[in-house]
Amino acid sequence: MADKIIDDVLDKCACTTDLKAPKGMQGKEQLELYRKMMQIREFDTKVKDLWMENKIYGLAHSYVGAEAIAVGTCHALNPDDAITSTHRGHGHVIAKGGDIKKMMAELFGKYEGYNHGKGGSMHIADVKNGMLGATGIVGSGMPLAVGSALAADLLGNKKVTICFHGDGGTNQGVWHESVNMAAAWSLPVLFVIENNQMAIGTELNKVTKMTDLYKRADAYGIPGILVDGFNVFDVYKAVKQGVDRARRGEGPSVIEARFLRLLGHFVADDQWYRDLEAVKPYWDLDPIVRMRKYLIEQSISSMEEIEKIEKGVVEEIQEAIRHASEDCSEPPPETLYTNIYANDERIS
Amino acid sequence: MRIITVREALNEAMSQEMARDKTVILMGCDVAVRGNPFGVSKGLLQKLGPKRIIDTPISEAGFTGVGVGAAAMGLRPIVEILYSDWITLAMDQIVNMAAKMRYMFGGNIEMPLVIRAPFGAGGGNAAQHSQSFEAWFNNVPGLKVAAPITAYDLKGMLTTAIRDNNPVIFFEHKRAYQHKGEVPEEQYTVPFGKAAIRREGKDITIVSYSMMALRSIEAAEELEKEGISCEVIDLRSLVPLDYDTVMESIRKTNRVVVAQESHLRGSLASDIVAEIIDRGFDYLDAPPIRVGSLNVPMPYNIGLENMVVPNKETIKQAVYKALGNK
Amino acid sequence: MAEYIVLPKMGVNMVEAIIVEWSVDIGGKVQEGDVIAVAETDKAAQDIYAPKTGTILAHVVELGKVVKCQEPIAIIGAAGEKTEDLLQNKAPDSITKTLPQMMDTAQMTLSPDNLKVEESPTATSTTTARIRISPLAKKMALDHGISVASLAPAEKGERITKKDVLRFLAGKGENTPVRDNPSAVAEKRIPLSLVRKTIASRLTLSNQTKPKAVLDVRVDATEILKWKEAAKEQGLKIGVSEVIIKALGKALSEYPMLRARLENDELIISEAISIGVAVDTGKGLMVPVIRNVDKKGMAEISAELRLLAAKARSGTLSMDEMSGGTFSVTNLGMLGIERFTPVINPPECGILAVGTIRKELVVDQKDDSISIKPLFWISLAFDHRVVDGAPAGEFLMALKSLLEWPLSLVH
């Protein structure tokens, strides 16, 4: 149809590289990466269904297709390192080691959820695990990440902060302000661009001239790297390098994980504005599909083992849904006024 | 008269005015190819081309400023900020530039800028996607602020806003796009500064706007059955605000409730009550009552959200309070 | 031309400074831009520069004294120039207040700290509990001359509202017995004229605020009447009123407390002796004021009284002519009223009521002899917060003496 987007980003998507595990990474570890990606995949697939049933409401954004980036990145981090997120936060929570049941409860709006039912999908946060919260304002996480790095620097605790953001976010003024400050002050923060090349219905090349986003790093005097966003090992290696650099005090880097958004912007987005036929072949680049193929071909795992993992993940998500629906409770009205101010101070 | 949705009415307002006046442009995220996620600008790109219907990067501060500059130099831009919560990113350009350039620069600047920034709560959109900031802009001299709710008013006032040579913050309600109403096919205008009396009554005046005007009408219908006659005023235009109509009603009823959706503390309702007291203290037979959301960030949980946002019950309770003499 | 050097504003928030040092003595020559003095603000010491080349002719402020921005500190001009004229008008009026200073004072007057919350007028009532009444009801009460204290809400503890005033006006008080079909009684409604409204509110105020006491005494009018005859023969029209006014004036000059009024906790004694004379205009009571009666002769007072009365009746009295009274007098003698208790005219502290002159049988207190004399009652109503009974009594007796021997009023 004439008014559909013909994805002319599709060619650029071919920065695909073969899956190759880093030296010394055991099979067990690799399987764990796969399991984590499956968790995200299953979680967000189910979220879409639940949203359609109105068990989850408001706005929810699926991380399906991007699993390799969250998992690859977080695998390079220590438990006490921090990450800032976007509106697409479920994958970040799971990759950072979050509790799936608590997250599902939160999406259901229950008191037992991470944010006691007051945040929902778009504000999901696991602060104790270093996941500093999803937000609905594009760019709000960027200066936060720099601030987190500033605190780590001053306190000398060697923590590194990852700033997850999308291609759309790189056009916010605050991206430039954040990268500039981080670079000028050599702060331990990594800017991980989850470049799915679409911002709702806007293709990157329609609103940006230099679509090789990682090249912007040059202008700020810091390293910029391009990786295959559908390749969990690629992401992991690049992030590990950047994290080590930062921990040594050598400052920030920009990592562009380039892939393609396969599903819609939010869970009920049927993408009528896109030529989905053209997108179809790119499902072959799906990180999970490729990882599974790689695990079997490289004899790292057997089909049975993989199926066992997948079954376990499906059950885990099922249980989380059951827990949220049956075991959890609605937040009591008094909670409207809790946590507005410190110590639950009430200002009427 | 034919009945169309709010979304279609807004679409028509823009497409008809843009056909009539070649200097009108629309810019914002996803307004062109996507036709706006709610479909408000659907089809405009095909009719008017990419030079006039512009998809911007996610740079609210930047593209609002671009709108300000274009307005100063001969175009009549409509800048769309999809959710008014993000207007915070564009505040400097709106408040320190658009509102003040004419004044600061000796009257030599025209600023025919419209900023469409849908607001309003509901649907579990949580803290950062449910806010209404009209009170902030009420406090900035140099701006005009409109918040119509009916399909008829939305088409007419958007046309007025585009033709006005002043910066206008135009607040559609994000939950009203599917509402239907009678809308003329031809172009027409609805003026700023003139409120609409949606229901006549003699016992109490309810002053409201946007979604709360609809809730007030619902509340009034129920109260009628209880023998309470409410006069419901839909302000539609917030700056300028039609105090003549408001005061004429209060002179008749002597009691007033001001209902709006934003948080109560610092709300526009507070300013309206202060003005009512200034202009007609002696006509008040009871203290004016304000209705607004609880002073808490909007929670995600829908049960909690329903406790926070006012509805027709809240308005009825306010009416009872205003009619009592405690 | 000699001109001022003023203290410049040298900081965003600076309003004043102290000159701590003169860098150039009087008579010293300076170039434009030379330092002439050092000023200390709360931030730092700063140099003050000569605005032009010339000679420092005078230092206009003392060292160590606080100077406000834009106030003059020195005079510069040609050597030997005269500075007396400048020194005379030390403060150039046009720019004494700079914009920031005006803003500061503007901000000050708006700050919550010195915004005194006006006590609503109901609080001036002598009832100790605050009456809860809606603004509309209060206005209606005022317009109808109803005292707020006489209204009651429909239910105890509620605010008094419009319906309660309407109820009161319709005559349905709480304790009135139900008459046969009271609404069938024919009545006529006359809206209050502005004059009546004003009278009503002022007298209500007077009644509510002043604890009043009244003293009465009879005066022998024999001498006054003789006086009147004598004046008539000379072609002068002098009435009893003028004599009373003049006598009051003299008595008030000897008894200053009757010229006082109470404001908050202060007694304010008026030095001027001006008497308000109540006049019935046919449209309502007016009290034009004859100023400084102690300085005017009888004839003059007489003429002024006639003029003011005429103006009152024609409704052409100015605000000025009705204000500034120290004491008032009211005379219903022409109607035949013998004696009455007047209402004090606020903010004055006393008023004299004069009754009609009637021939009465009088018993001489010394020798028991009986005679017929023309007598009239005078009643002194006074504000007991300001004056006690005894001094008020002395005043009244002094007045009586003056009235019974009017010659003493003429020097």
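Residue numbering begins at 1 within each chain, and the chains themselves are lettered A, B and C in the order written.
In this text, a residue touches a chain if its C-beta (ideal position, glycine included) is under 8 Å from a C-beta of that chain, and two chains touch if they have at least 3 such contacts.
Nothing here was measured: the structure is a model prediction, and the numbers come from that model.
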| item | value |
| --- | --- |
| Pair of chains joined by more contacts [C-beta pairs], B-C or A-B | A-B |
| Chain whose Cα centroid lies at the greatest distance from that of chain C | A |
| Middle chain, criterion being Cα centroid separation | B |
| Interchain centroid distance [CA atoms averaged], chain A/chain C, Å | 79 |
| Separation of mean Cα positions, chain B and chain A [Å, integer] | 36 |
| Euclidean distance of C-alpha centroids - chain B vs chain C, Å | 52 |
| Residue numbers on chain A that touch chain B, as the complex places them | 2-3, 5, 57-59, 106, 109-110, 115, 117-123, 135-139, 168-169, 171-173, 199-203, 206-208, 273, 330-331, 333, 335-337, 340, 347-348 |
| Residues of chain C that touch chain B when the two form their complex | 134-139, 153-155, 157-159, 161-162 |
| Partner chain A, residues of chain B touching it in the complex | 29-30, 33-35, 37, 45-46, 55-62, 83, 85-86, 88-89, 123-129, 294-297, 299-304, 307-308 |
| Complex interface listing, chain B residues touching chain C | 254, 281-286, 324-326 |
